[in-house]
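Below, chain A partners chain B and then partners chain C, in two separate complexes.
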Partner chain A sequence: MKGLLVSLIALVAMGSIAQAQTTLKPAIVYANGGKFDKSFNEGVSNGAKKFTDEIKIAVVDFEPSNETQFEQALRRFAQRGNDPIIAVGFSQAVALEKVGKEFPNTHFTIIDSVVKLPNVQSVVFKEHEGSFLVGVLAALASKSGKIGFVGGMDIPLIRRFQCGYEQGVKYANPSAEVIANMTGTTPAAWNDPGRGAELAKGQFDRGVDVVYAAAGNTGTGVLQAAKDRGKLAIGVDSNQNYLHPGTMLTSMIKRVDVAAYNSFKAMQGGSWRGDVSVLGLKEGGVDWAYDQYNEKLVPPEMKAKVEAAKADIIAGKITVHDYMSNNACK
Partner chain B sequence: MRNPRRPLPAWADIVLLPLINIALAFVTVSIIVRINGVDPFHALRLLVVGALGSPESIGYTLYYATNFIFTGLAVAVAFHGGLFNIGGEGQAYIGGLGCGLAILALDRYLPAWAMIPIAILAAALFGAAWAAVPAWLQAWRGSHIVITTIMFNFVAAALMVYLMVNVLIAPGSMTPQSRNFEPSSFLPAMQGNALNLSLGLALVCCLAVWIFLWRTPWGYALRTMGHNPEAAVYAGTDLRRMTMVAMGISGGLAGFVGVNELMGVHHRIVLDFPAGYGFAGIAVALMGRNHPLGIALAALLFGILQQGGAELAFEIPTITREMVVVIQGLVILFSGALVQLPRPWLQMLFALRRPS
Partner chain C sequence: MDDPFALLFPTAAATLRVATPLILAAMGGLFSERSGIIDVGLEGKMLMAAFFAAAVAAVTHSAWWGVAAAIAAAEVMALLHGLACITYRGNQVVSGVAINIIAAGLTIVWGNAWFQRGGQTPALDARSERLLPLFFPNAGDNILVYAALLSVPLTWWIVSRTRFGLRLRAVGEVPLAVDTAGISVPWLRYRAVLICGLFTGLAGAYIAIAQNAGFSRDMTAGQGFIALAAVIFGKWRPFPALGACLMFGLLDAVAIRLQGVRVPGVGEVPVQLIQALPYLLTVFLLAGFIGRAVAPKAIGQPYEKEH
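The block that comes next holds the complex of A and B.
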């Protein structure tokens, strides 16, 4: 804390930052997966890092270890004058509703959930749209017509991934079959690569040749299993194509880093607004990853079909059903 | 020095020995903290101030201690009957479900004076029922209770996720949680803090457990079963019934974690509120030497570690939450697994002091 203050004062002395920024003390409260999960939380962390590198303002953070600490950490940061504060993950919504009311002058941003308060900015993603695209690609790349899905903890958010993915598969190949497994029912399911690998192998044994992992750190096991068996895998949240070039078909990117960066940036520029942003394909919030690591796996005609589906979703010609709109995939 | 293995006086056993264990733990922790480049005394000061330095931090410390008292007592009651209940986690979860269901069903019709006791009772009943199944399996089928209770933790977690995601989820909610409880079910709590009246319930439970174990015939029978089951049978105790009673009480106590969490803090049913308290209860009971007073003190220490540890992670970025778990783990290691380590030294010291 002292170090932060000193560096802030030093920066002010250098005159390199405007008056308004002297009070900017950004903070992040991470979700249960922890800051370095190679996926969701790490995306936020990367966004914060980018902001710090650019603007030279340090970001403090906290990794809670139980449900009660969400509220405690948010309140502690607010009391210490940190502003803005990013709450990562849907599990913090309850805590933020309380703390947001207690500190009406502090600016909060919540990722993956909606809290309707004037001083809270909510950022949610249309994961079903991104998952639809990777589903289309999976169906096109599959030879067996059997497509796998490995989810993390069995909650509505992950069913939304699964539901969008299934719709994409059926869109590209109506006779394809999707075999889906959830890793578990406790938060440990986000962090169990061994079990992820076992589930993926089980699916491969049933004829699956493309598997999509939406399971946080558990996904690393799924991607590894696909590499070991020479099957194709799809990563999630961050671009994971580079992990296993040759077996990584693509990744469903969810730009949480941009969300975090934008929130800090907007605060710094004075354009911060307490509203709800829903980031889909159109807004660049979700996308499929195409880069030097997977270009050999995705021939031009496949790429064209996925891009066509993407254009159709953006244009509204295809509507991807959102599981969470009615808690059902229909 | 005729008998260096003479038992220690009670105060040394209950107070001095745990203190030495904690001191040993802190020496070890200091070395690790030092390797991480943090001054151990600075860290210790932050931990203590973070846990006891302001009314707010004391509130959180006591709130955590409340959970640890419930689960510590739960483990201790079963342990006195020779039963190792590792299912506190699941019993707490289902206890919370019980109190949540009672509140969701009745909170719109009942005033607080009726709602709160009913919900507390429901928590105890559901926790007891969840413990009764492994107890029955142990008593009548011979399935070992360590295995069955730990399995029931997973069953409880799966059941809760199923119910929260598919049945109890509030309409239109993004996250798996029930609708908000009505204020009639709220336990009086400290403003802006997690501390609530459950602490009172926990202290009453301490007293009740003490009376039950040492001042009633049932408690006597229970302890006899724990010390020597054959003697208990000879004395006319029905071991099966006693197993059910012990586990029922144990599960009910664990279920009260749900009262503290849901009625005191969250005011809705949420996922994952037991957060490891059930498992920590084993260490609390071991450290408290299965005595309610010892458990209350051990729970306080665990509360201090939990709250102070969070503050430590807050203040010093190089101390991550994993480091805090290591620190807590070392304290548990020294106070639980290695609890007997300093005993021979102490016994020798006492023998020296009073050579008669």
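The block that comes next holds the complex of A and C.
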């Protein structure tokens, strides 16, 4: 009886090892805005979907309702044998540092932050470069010379968006004024469209006619407010131009979808490395969106100017200051 | 710096926009609490109403069906609260908290099941799907804003000038006296709770289909609790409660406009301080200015008929 039990356990154990070797069990822990924020998280979700469609391997995921669940979620996925695991968003860095050490054989990828562990791949973006470009476009499209910015949570990462954007605005129109608001100081600030709309309306009342939202799901409220008032809005992370054709000037695209897809793909192909990748304009990690939804709002001469600025940044003729390099916008 | 007078009208409009759901919920809470039923569940009722307003408006393409569904949803929650507190004489705070938790969970579960968007409802694009501003497109003065403003004198008139109001106040103070006079305590309290459902339904509808264009999870963001605080601030009276709601609205509107503004001599005020301002002022006012808030005497006590 005992022998049978032992061999049964051995059989089950062998089975699960064999399974782990043959199939990938990828998992994603999303950030606070939620998988369907039409922005940052949804970008990751799109990347995962592309991977699933191509390789026919399902990706499991978890949407935490508050930040204390990050650690639990990461640990539970690791315990269940999920590998690789993508942690979405800077706020998971602390949790991942802990869980990453507990499971040294599991591969983790963190987006938007750097965790220095051999089994963690960190993907960060040069959001200031992409924001610079949409700032240039905002200044060119603005009639009032007042440009708005609505950030999500007040953290250095979002200040980096703001700082790059301001530099772009000043580059195109030195006399333009930027009015910036942050939604809040807690992660709830990523998921408050009502407040986003109110912040945007406050800026419109002060003369702003182009607003850039870098605020996750809160941004949907900003974009909606712009539509309601007939002002121009700039989306973020995913291409949000399709949301409100006619008032969406452009979107600052951050290729988190590619980052997620590449991580899974590298794991599958055996080329996964626990390194830090910094993706800017040159690497195609960030860009501005021009498609059938906003082509009417962006005449050829504006497009040419933005493309020229893009080429200059890639060539190194323009250096965009990174807020996070010295925690100041100068 | 901008011209201060040019900012006056937009700030007033923003105050009203933010205060509208607070006023509606506060008037609802006032009816319930005046009858002796504590309502911690304002938040949950608003959230449920917001969800149904957005979901039904998205499916039927009609804002009015959305409003009707919102009221119906809030009434169901109100009846649940009534059943627990009035019929079964349960703890009113526990029931209210349960309603908040039920609403937070069910809205996401249903949203996921019906629309597959992580608990969000489809964005409302068509004009017919939302309540739009009536006179000033930039101010956002939709019909529910006016309804909220009208609800205050109406509440005052009902509570202090009608027979129903007299009985309502009596049942919140000395239910035994009402019972002795041959008037049903449960029926009176049920009516109060249902009126509360109506108001929170309107508040939820405002949040989902007037202020925003669709539902997203936890979108009421604590406004039900602020409304409850306003009721207590206003000592369970309609006009002072309105004042408290407007104060919260004004602080919010000013906080938004103060961000990033340089104050002469001080420099740029930190975001954190500005966002803490409404709460700091609340503590300050509660400590010094409001004085003692006397609740209805029988509040929170289930009424048991003696046999």
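Keep in mind that, in the parts below, the second predicted complex is superposed on the first by the 305 of 330 C-alpha atoms of A that agree within 3 Å, B and C clash if a C-alpha of one lies under 4 Å from a C-alpha of the other, contacts with A are read in each partner's own complex, and residues count from 1 in each chain.
Note that a contact is a pair of C-beta atoms (placed from the backbone, for glycine too) under 8 Å apart; a residue touches a chain by one contact, two chains touch by 3 or more.
Since the model is a prediction, treat every value here as computed from it, not as a measurement.
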item: Three-chain arrangement built on chain A, chain B and chain C clash or fit; value: clash
item: Touched partner set for A:90, first chain B, second chain C, both or neither; value: first
item: First, second, both or neither for A:327, with chain B first and chain C second; value: first
item: Partner chain in contact with A:298 - chain B first, chain C second, else both or neither; value: neither
item: Touched partner set for A:102, first chain B, second chain C, both or neither; value: first
item: Touched partner set for A:276, first chain B, second chain C, both or neither; value: neither
item: Contacts of A:76 with chain B and chain C, given as first, second, both or neither; value: first
item: Touching partner for A:205 - first (chain B), second (chain C), both, neither; value: second
item: Partner chain in contact with A:154 - chain B first, chain C second, else both or neither; value: both
item: Contacts of A:63 with chain B and chain C, given as first, second, both or neither; value: both
item: When the two complexes are fitted on chain A, the stretch of chain B hitting chain C, from 25-33, 133-141 or 313-321; value: 133-141
item: Doubly contacted residues of chain A, that is, touched by chain B and again by chain C; value: 34, 63, 65, 154, 185
item: Complex contact set, residues of chain C against chain A; value: 2, 7, 10-11, 14, 17-18, 117-120, 123, 137-138, 140, 207, 211-214, 216-219, 221, 252-253, 256-257, 259-260, 271-272, 275
item: Contact set on chain A toward chain C in their complex; value: 34-36, 63, 65, 154, 179-182, 184-185, 188, 191-195, 197-199, 201-202, 204-207, 217, 220-221, 224, 228-229, 243
item: Touching residues (chain side chain B, partner chain A) in the complex; value: 60, 63, 154, 157-158, 160-162, 165-166, 169, 174-177, 192, 194, 261, 265-266, 268, 270-273, 275-276, 310, 313-315, 317, 320-321, 324-325
item: Parts of chain A lying in touch with chain B, wherever the complex brings them together; value: 1, 34, 60-69, 71-73, 75-76, 90-91, 93-94, 102, 112-114, 124, 153-157, 185-187, 324, 327
